[in-house]
Structure formats: structure tokens, C-alpha cells
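Presented below are the structures under discussion, each in the form of C-alpha cells.
Both complexes below contain chain A, partnered by chain B and then by chain C.
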Partner chain A sequence: MTRILKYRVRVMLLAGLFAAAFTLTTAFAPVAQAQSKDPIKIGFSMALTGALAGGGKQSLVAMQIWAEDINEQGGILGRSVELVFYDDQTNPKNVPGIYSKLLDVDKVDFVVSGYGTNLIAPAMPVVIDRDIVFMGLFGMNNNGKWNYEKYFQILPAGPSPAVGFSSNWFEAVKTFKPKTIALVAADAEFARNLKEGAVENAKAMGLEIVYNENYPPRTADFTPIVRAVNAKKPDIFYIASYPNGSAGLVRAIAEVGTDAMAVGGGMVGLQYAGLMSGLGPNLNGFLNYDFYVPEPTMNIYPGSKELIDRYQKKVKDEGLKTDALGYYLVPWAYAYVDILGKAVNAVGKIDHDAIAEYIHKTKFTTVVGDVEFGDNGEWTQSRTIAVQYQGIKNNELDQFSQPGTRKIMFPADIQTGEVKPFNSLR
Partner chain B sequence: MIMRYKFEIGCVAFLVLAFILTQLGLNRFFFFAGFAVLQFIMIATAWNILGGYGGYINFGTAGFLGVGSYTSIALIQWSNVSIVPQIIAAAALAGLLGLAIGYFTLRLKGVYFAIATLALAIVLETVVNNWDFVGGAAGISILPTRKPELLGAVIVDRKIGVFGNYKEFLFFLIAGMTIFSVWVARTIEKGKLGRGLNAIKDNEEAAESMGVPTLRLKLIATTISGALMGAAGGIFPSYLTFIDPLTAFNLEFAVYSLAMPMIGGTFTWIGPVLGGLLLGTVQQVAIVTISSELNLLILGVVLVVFVTFAPHGLVGWFMKKN
Partner chain C sequence: MIILELFINALIAGILLGGFFAALSIGLSICFGLLDTVNIAHPTFIVAAAFCTFILNANFGIDPILAGIIITPLFFGLGWVIYSLYYQFFEKTSAEALRGLAFFFGLLFITEVVLIISFGVDHRLVNAAYIGKSFGGEFAGISVSVPFRLLSAFVVAAILTLGLQMFLDRSFFGRATRAVHQDMMALSLMGVDPVAIKRIAFAIGLGTCGIAGALMIIVIPIEPAVGRLFIGNVFAIVVLGGLGSISGTLIAAMILGIAESMVSTFFGPSWAPAVSFTILLGVLAFRPTGLLGVGDTR
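What follows is the complex of A and B.
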């Protein structure tokens, strides 16, 4: 290189370094220390794009409704509430950076989790390192490894979440007096935990496990898996899957068929409005988990129906591109920030030790009923319900907002239908 | 004498600057984002040793990074080994892998070599997907040691440590590793190895006939390139505190590692540094501002613009202007 070129390249290199340093220090410049009149900032990552966006978007709207409500009631500690969030793209890799930015640059007062086990897992080391309260939204046993005392989680799967999540499904299938079971799970944190719990429940019921396999998360064609399961002739077929896999498996079973009497269990995504209307009658017969469905006995959660009505109106009025129904996550996403707000107001100051201690010892009344957390931050009792898809005639979305398409099979005290063999509903 | 070693003096000065930055009590996110930018520069520099100087397009960057990352995870799971031995082991294993892959694939040329290296990442990802000891497909979270020690001295502690927090320590480590990588790349470029690789890039048969030991040079290049990528991967789990196969073997790394030298210029060590600096910074800003998968679109647009208007990268564009 000529001397002049060398000089210019060096100047360019230095200019690049300065530009990078300037961008990093100004774009992410630390904001002023929060003053007492400043809003209370609650930060989180959320799956607004990617595989879990169907749940992430409805959660965000629910949290925004909560922020409106709490601000109308005077906010937290007399300060208004502001939500600060970033799209994690359903990519765990992005999560540590987002929480680092929330805590160090946005200077949020609290962080709560994004939606889903796989997105909570990478945030755990960050919050544990900062020793702060962390509310989780639908995490499956995320605290099992850490036993972090300031973690609280709203998925109502009970103190032993992996087992509690599927216990009601196994209660519901007892009608068929099954002897053999096949289990299939996506090779991801949530689904694997779920299947491990299902294996424990199956063993407790004395079932013979004839098939127990994981499939890679990127699987596109599920017909070979369904054929492999069918070859083992199981009485019941337990599936733990994420939205893409759930849709693929429903379609594969519609194509290949199965003689299993009960199919489903831990299929995430079948609760999303888009997938329900898209899959339509193909869903008939599936017996799956859920937490809230528009059945008359669901009045055990006072205020949840009104909240969902508000959500649906907001989505319609504002033309939001998110789940039109919101049954799956809206009450729970509202509740997990509501509990945090109630705890902070009760403690009267931002003291994470005191807030965690308060949450541990308090029974909270929320839109998802009374909530108590155990030592590991999980619910003290499971409230997962087993529902069966019945009588779905077409792909119209409206039918899913009426009682009758997702009947509750267990627990018995809120049961609204009789569980029927899978093929009798096809 | 000083002029002769001015590059080395500059390297030491940058390292001292990195250390001083960690002592200023800057916002922790500065170090988080800075780490990502420096890691990009290191990856680009490592890729350029084979791809830029030797003309062998390596699509297996994710494979080497993943081997580095999972070597660290395996060592943590096995005996909670501290970070420096993790990085050394990661570099050694990825270097050996580079040597082996080089031996088996360097007889392939052009697109066939690129496909073979791409397959490497996919094969390794499948292996890790089915290896439960390191978390399998579900991935694994790790919590860095609260007060790591080195030779009896506390490295990270707010009061008595050399660094106030772990992110500062990692930033300093990656700064040192990046500077070392750039020094290695420049040394290769200026030496016999670089000239030999350039000859291979221009016309391998002609180089061979002129007595250039082509296979040996290519093996050295794949080993060094692999080792540096492995080192960059070895530190990755401690930075992210979570690793899964999709993250560690993400083909985005292959695209970025190729794009950065292309944007900066592949024929000199400054090219990957500039490309890494530019793309690394843009990516960090995009993640928290645009905050969606759109940041990949930015990469695509930048690449198209450079391939069209500056096919020899920023450095080439400046050379042309002068």
C-alpha cells in the first residue's frame, strides 16, 4: 500500500472506532437516575416475532391493559407505571443482551420475564447475578436448577410443575383404562420437561411406555413420527410440542390417522386463535391442556371474563394484529404483573428482598383466582385443565369463543363434558 | 527500533486502553455490546486467514464456534473449570478440528469446499442435539463464578477484584484475544505464509509448480483459523450465560463471518477489523432499536450495496479512489 493510502486507512480505522464508541455510548447512554416523580419502569423481553409471537403479542396487550388500570388507580408507590420492552424474536440468544440493556441503560426498576420457558431460561443467570425479583410468564420448571428465592412464576402447574402440568390429562384418560402409552416431545426445554413429568405420571398409572422419543425443533414433516407411533399401537398418545410442531402433528395425524384413544396432552399453540381457526375440524378429538376456556364453569376466576372482553374489544377497535380471542394468556399475563404491583405497593418501597419475602408469604387475589407461591416460586397447587376439542364444524373463529368446542374434562368440579375416544369425534 | 515495532506497540496500547475502560465504572451494557463487536472482529479476522488470504470460502464458522462453546460447556459441566483454561481448550480442540477438516477437505475447491464446511456445522449441531451432558437440544444456562481467582488474586469483585463485574472481565479478555488475532493475521499477511496463501488464491497449480507447499500452508491456515474461531466460541457461554445448539451453531455466524471481511476488504488485516466494527455496531444497535428480525435485512442490504459498489470492500474502495 502507498503511504497516502496507509494514512487514509488508518484515519478511516480510527474514525470507525470513534464512530462505534460514539454510537454505543450515545445510543445507549445511561439515563438519569430515577427521581421519585419519574415513572416506575417495568422491563421485559417479549416474543413479538418468531414461533412464540402468537402468545407474546397477546401477553403484551394484556400487560398494557394492566398498566392502564394501575395508572388509573394511582400507579405503584404513587408513581405511574411505564412498560419498557424489546422483541426477543423467540430467540434465546437475544435475551441476555435485552435484560442487560433494560437494567443498565433503561434503568428499569423491575424486570419480568418474556413468554415461555425457553425465553425465561437465558434471563435467569442475569437476574440472579443482580439479585432482583423476577416474575415468570409460563415457565416450565425454570427454577429447578437454580432454586432462586426471588423467582415467581404464573403458570398454574403446581409445586412440581413438570408432573403437575399433565396430571389432570392422565386423570381424564383413566376413562379408557389404557395399558400402553406413546410419548413424543419437541427437543426443547419446555417440551422435554413436560414429557419427563408425563413419564412419571404414566409410570404412576402403571402404563407400559411403548414409544418415547424427541424430535428436532425444526422438523417439518411429522408423518414418519406418527407412523412410527402407530406401529407400536399405543392406547394413548401423549404429545409435548411447540406451536409449529403442534400444527404439524395435527395435520400429520389427520393424514395418517391413529388408533390411540386419547391424543394430545402438552401441545402448545392449539390454544391460539390463529391455529384453532386454521386447523378447524382437524382438532376434533384432541385432548389437550389449557388454563382458561369459555365454558360456563370457568367463573371460578372472577374478573377474567370482563378482562378478556376488554382485550377482545381493544384488539378489534385498534385493529391490533394479535390473537383475536386471548383466552390462553391474557388473564395470566395480566396477573403476573398485577401481583408484582400489589407486592411493591404493600411493601411501600423498592426493596427486592422485602418484596420477595412478601410475595412468598401472601395469598394474592387476582383475575386468575387466588395465587400462592411455594418455596421454589411455583404455584402451591396445579390448576391446569384437560379439555377436549369437540363439535368443530368449520374454520370460523367465532365458534371458539362459544362454549362447547373445548369442553373441560378434568378437574371434575368444573367438568363440562364427557371425554370420548379420539376417533369417535373425527 | 520503535518504528519497527509500532504495530505491536499499538496492540499493547489498545489492550491498555481496554483495561482503562474497564476501570472507569462505565455502564455495564457498554461492555456487553462492546464484547459482541470485538467478538465479531475476531471471527472476521479468523475467517479471513483462510478465506481472504487463501481464497478458500469457509461456511463452517458456526461449526468451529460451536465446538469452542461446547468445549467450554463440557468443561464446566465436568469440573467447573475456570474461563481461561476453557478458552485454551476450546482453541486447541477447534484448531485440531481445523487441521482434520483441512486434511480431508482441502483437496476440494471452490463451491465444493464451501459445501463441505457447511456440512461440518450441521453434523456437529446434530451431535450436540443428542448429547444430554451438555444440555442437548434444550440448551443450558450457566452462572459464572461469583469471585473467580487467577494465581491467587481475585479477578472479579466490586471491592477487592481487578474488575468490578464479570462483564468488564469478559470485555478485557475478548479485547486481548481480538488484538492477538489481529496480530496473528497481520503477521501471516506480512510473512511467507501470507505470500504463499496469496499465491494459492491466485493460481494454486502455478503456486504448486513454483515450489509453494500448498497443502502444508492450507493446513496451517485452517488450523490457525479454526483455533481462533474456537477461542471466540469458548468465551461465548460465559458471555451469554445460556447456550443451545441453535445459538452456538447458528448459520448467521457463517453469513456474518463472510460478510464482514467482504465489507471491509479481504486482502489486508484492516478489512475484517473495519467490517467487524461496522457490522458488529450496526447489529448491536439494531437488536435494541429496530428490535426484530429486520436486523438480518440490514445485513443483506449492506452486503448488496458493497458487492455492487465496492466489490473489494472499504479498503479496496479507498485504494481505487487513490
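What follows is the complex of A and C.
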């Protein structure tokens, strides 16, 4: 009896164990399967508030459009793509903490940069420490001091970005045969780098630098700066500014005037829809950098117009509170995650060494044309364009989505207008 | 001659800029200087007023300064509500020091988020006939130009400041407000409700945000977080002028405006903040109560 009972108990225990094992395996099987199908997480900080939010928000929308596209095409490595992002408030101090959280807490598979030099710079040490691929969005010479081999940059400023960024502007002003130049920059990393590059270009042209100063970001009135520049009587006036300063300088120049034949160069924000419509005719005559404008010769970037149309429709249909036009950043923000996705799919696994090697040796076809990266992660050739604001009659936004308000002055192969002296367009 | 011309233009620009700084600071001078309420959200409320001005200007074509006058009662009411809450939850329980500061920090962030949700993050500007233009001419061979944008800000700020100064000096309410600053207990013994006085005074302080916001969007482009750029400036001006002194605030704003303008013109703009705060430290070293402050009489 006892033996029979023991036997039954053993049988029941064995049956229970089998049942438990079966339950556990069936319960965990979908989890294991789900884990292999977990999304690929791409983490980043983005300027969604603060001074650079005008660019940051349109970048985010472009990246979300890319995520929709890639997921429709089957994702990366057969897994869907999920964007994990935090607002850095355009404050560099927030960036290292965000990237540490993305990598340690959110366990993202890849990180890409936020928008802009000042916000890429503080992420570099965190990323380099982890030895992972890092795609940058509009960073000015962020890798200059690091020479990090897994850094790749979407700013089309060429192998020496600080110099290449302004080289076409200096080509465009050669028509005025200038002898002297004044330079003003915002006291921030991007603008200072840009001005250093402009100084090199100016020296290469044999220009005498008559004024070279930085202004603090909280400057409210720029008329004293413009007067101080005017007192030096420069032939051309190069400005490297952030959005608040760009608007302040445009208005101060409208009020005080200048005799410089060319004004502008590296003014961030004049490409934003809000500032373009707000400043309106005060922009006439400014000669500035840009990357994409709605001119007929910009068909060099196949697919970019369709992407911008999609962006504009999305902003309108969904009532998004962001840049209504999206010319400035949308194609580029789409392209830098697109390159990462293409590289990972080509390598076939998450291997940062192999992915970095693949990006270095590959020419990528993207919405911003064919892209190749040099050893320092910068573009092998500059595609920054010099545009002059012409014929702006009022503050209507629609005019900026038509050809003619921002004519391309350089490079010559896509030129759509003749550069004119600043005051002749006022 | 060029140096003299630069000097005169820099002086004019500095005075006009000082007027703008005064408009930003005058409300805080009441809230912080007279009522000891560390309203760190003050610049953000100015930005909120600037967005209200933008709506009225963009949608109805109303002149920005007129728009500022129209929205001032709205901000007066907002100040009334905010002080009532602040008193009920913090001041009444003597928890105003740190928790009160946290309350205004919270208001700052909430206001910014509301602005971001409502307007997005794009920069906004207004347009008026006097923006982007200047007047001037040659006087004794010296060319002078005065931007209307800054001149209008200066004129409005000067009227606002002098009006408030007269109101606080000559009205019963003004004297009562100063009495609250000096001795709340004594005021209570006189049969005056100090809380009611403080509520109205705080509402007036926040009401000035209406005008200041209009001037802000006339002078600079705005976005929801732009107020943070001016937090240091406005507190420095109130402290430099002397806590509780409206005319001191105006003088301090002029000093910092002129200093910034002169330094930008002759030594380079990057030195401007350093010089401004050196002036602040220098004055406080020799006169801890600020330029026209009378010190704590309690």
C-alpha cells in the first residue's frame, strides 16, 4: 500500500514536473521569440525646446517619417525600428546625462546625435567611451580634436568643415573684389568654429580683417555692434550667428545700415519659416549659407522634394507646431538615420566595428544625393550653397516656398542668380 | 570725430536699451523688491505676454504696444490668482522660503510647456510701421541714428516706471505697499489687511508683464524659453537698483544698458556681461542695499 502510494506520488510528481516544464517552455517560447523580434532602438537627444528647437522639431518629424518608411520596408535586420528620444532643451549640460540614460537604462542599440554642434560636442566623450557608431546631424568640426573613427557627420561642409562651410560664400563675394572684412560670431562652439574657418578663407583671399569679435547669446540690442563694424568700413561683413542673434542683426542692420557689399555668411535661423516670414523684406540683400532651397536647380537631390512635400503635408494634416516648410533640415535628418539603417542591414548584425568600417568604405545614395565619408567622418566634398535673399516683398510665408526669394549664387553649376551688392537690394 | 560719433550713438543706444531692461525688471522690483516674493517665473510671464501680443498683432493687426495695454488686465488677474494660491499654500504657513521658490520654478516650467504646446517652438516676430526703421541725421558733423523699435520701448518703459513710481509714492495704496515691505505687523495694527495689499501689489507687478511682453517682442524674436536668457539680468537690475526702489530699478537698468552698449562698441560685445556684473558686484561691495535701497527696516 505504502509502496503503491509512493509510486503514485512519484508518478504525480513526474507528471507535475512535465506539466510545469511544458507550461514554462510554452509560456517562455513567445517571449524568446518576441525578444528576437524586439525593436531596434535608436536613441538620441533633440532640441525640442530652447533656441534651436526650430531646427530640432523638424529633424524629429523627418526621423519619424524615416522610421515609418523603414518599418514599412521590414525594419532593420528584420526588426522594427523604435526611436527613443529626450528633449535636451538646447542645453549642452543636459546631453551627457541623456546619452548615459539611453545607453544604460533604455539599452538602445544605437545612438545618433541631436541637432547642432553645441549639442553634439558634449555627447562625444560618452559615445567614444562606449566605442560605438555615432551619426552626427549638422555638427561643425565636432570630430576635429577627437579623430574618432566611428563618427560620421551629415553636415555637407567637406573634409575640413570649418573652412568648407564658408568657402562657397567667399567664392560668391569675389565678384566684389573685396579688400577688407569684418567678422562677428555668437559666443558658442558652432559659431566660433565657423568664424575660425571664415578667417582662414579670408586670409587665403588676402583680405585684411578689420573687425573680429564674438557677442554673448543674450544680447538684446545689436546696433552698437553694427556701428562698431561700420566704423571700420569693411568691404564685406561675415556673420556667424544663432537664431536670436541672426534676427537681431538683421533688424539692427536695417535700422543702422551698412556700406558693406556683402553681409551674412553663417547666420543660422534665417532658414526657419518663422524667422523668414517675420523678417520679410528686411532679409533682402543678405548673402547666407544654406543646404536646400526651392530653386529649380536643386533637382540634384532626387527624392528630397517628395520628402519635403510629405513633411509639409504631415505638419499641416496633424497640426504639428513646427517649421511649416522644413527645407533646412528635413532631408538631412532623414538621411543620417537612413545611412545608419542601410549600413546595419548591409552588415547583417549589430557589430559597431563592422558597421563603422562599412560606412567608411561605402558611397550611400540618399535623399541628399550620394554621400561618402572621409577618415574623420566628414563629407568628402562640400555641398554648402551660398544664397542671396532677393525680391522679398512682404511677410507672407508662401513666397519662400517658391523659387526666386533665395537664389543660389554658388556653386556655379547650380547657380540661379547673380550676386548683387547688399544695398542695391534694399 | 568717429570716436565721438560712436560714443554718442552708443550712449543713446545704451539709454534706450536701459529702458527696455527697466520694462522687464519693474514688475519684479515690486514682487521681489517690495513683497519679498522670489518670482523667478517673471521673465517667462513676460514671454507669455509677448505671445499674446503676437496673437493680437498677427490675427487682428493690432499695434503691439496697444496689444500690450489690452492684455495688461489679463496679467493683473493672473497675478491676483497666483498670489492667492501662493499665500494660501506657502506664505500663510511660513513655508515661502524654499517651497515658495519651488512653486515659482514650477510655474516657470508649466508656463513654458503651455506656450510650447500652444505655439510650438518657432521664433515669432511682430510687425509694425516703426520696427526695422530709424530716424536721425547729422548734427555738427556727427551722424546719429535712433531705432524706432528701441525708442518706442524706451518711451513706454519710462512712462510705466514713472507712473508706478508716482502711484506708489502718492497714493494710499502705494504707501501701504511700502508699509507691508517695512512692517507688516504695524500695518495690521493700523487696521489694514496686509494680505490684500500684497495681493494687489503682486497683481500690479505681474500686470506690468503685459506691457513688458509687448516691448520684448518688438525688440527681440521670441520663443517659449527666451525668458531664461533674462533671469540673471532682471534680478541683477532689481538688486543693483535697491530692493523696493522703482526709480532705483530704472537707474540700474540705464547703467547696465549704457555699460553694455559702450563695452560692445569700444571693447567688443563678449565683454559686456562681465562688465555689467562687475558693476553690480562693485556697487554691492560699497553699498549693500543697492543704489537707492533703504535696507531692511524690519
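The criterion applied here is as follows: the second predicted complex is superposed on the first by the 392 of 426 C-alpha atoms of A that agree within 3 Å, B and C clash if a C-alpha of one lies under 4 Å from a C-alpha of the other, contacts with A are read in each partner's own complex, and residues count from 1 in each chain.
Here is the rule we use: contacts are C-beta pairs under 8 Å (C-beta built on N, C-alpha and C of every residue); 3 or more make two chains touch, one makes a residue touch a chain.
No experiment lies behind these values; they were computed from the predicted model shown.
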| item | value |
| --- | --- |
| First, second, both or neither for A:Ser100, with chain B first and chain C second | first |
| Partner chain in contact with A:Pro243 - chain B first, chain C second, else both or neither | second |
| Partner chain in contact with A:Ala273 - chain B first, chain C second, else both or neither | second |
| Contacts of A:Asp187 with chain B and chain C, given as first, second, both or neither | both |
| First (chain B), second (chain C), both or neither touched by A:Gly50 | both |
| First, second, both or neither for A:Asn214, with chain B first and chain C second | both |
| Touching partner for A:Gln89 - first (chain B), second (chain C), both, neither | both |
| Doubly contacted residues of chain A, that is, touched by chain B and again by chain C | 48-50, 89, 187, 214, 216-217 |
| Residues of chain B that touch chain A when the two form their complex | 27-30, 32-34, 36-37, 129, 136-139, 141-144, 166-167, 239-242, 244, 246-247, 250, 268, 270, 273-274, 277-278, 280-281, 284-285, 287-289, 291-293, 314-315, 318-319, 322 |
| Touch list for chain A against partner chain B, complex | 1-2, 4-5, 8-9, 12-13, 16-17, 19-20, 23-25, 27-28, 30, 48-50, 86-87, 89, 91-98, 100-101, 103-105, 118, 121-122, 124-126, 128-129, 145-146, 187-189, 192, 214, 216-217 |
| Interface residues, chain A side, partner chain C - complex | 48-51, 53-54, 56-57, 89-90, 187, 213-221, 223-225, 227-228, 231, 243-244, 247-248, 251-252, 254-257, 269, 272-275, 278-280, 282, 320-323, 395 |
| Parts of chain C lying in touch with chain A, wherever the complex brings them together | 2, 6, 9-10, 13-14, 16-17, 20-21, 112, 116-127, 131-134, 145, 147-150, 219-221, 223-226, 229-230, 232-233, 260-262, 264-266, 268-270, 272-273 |
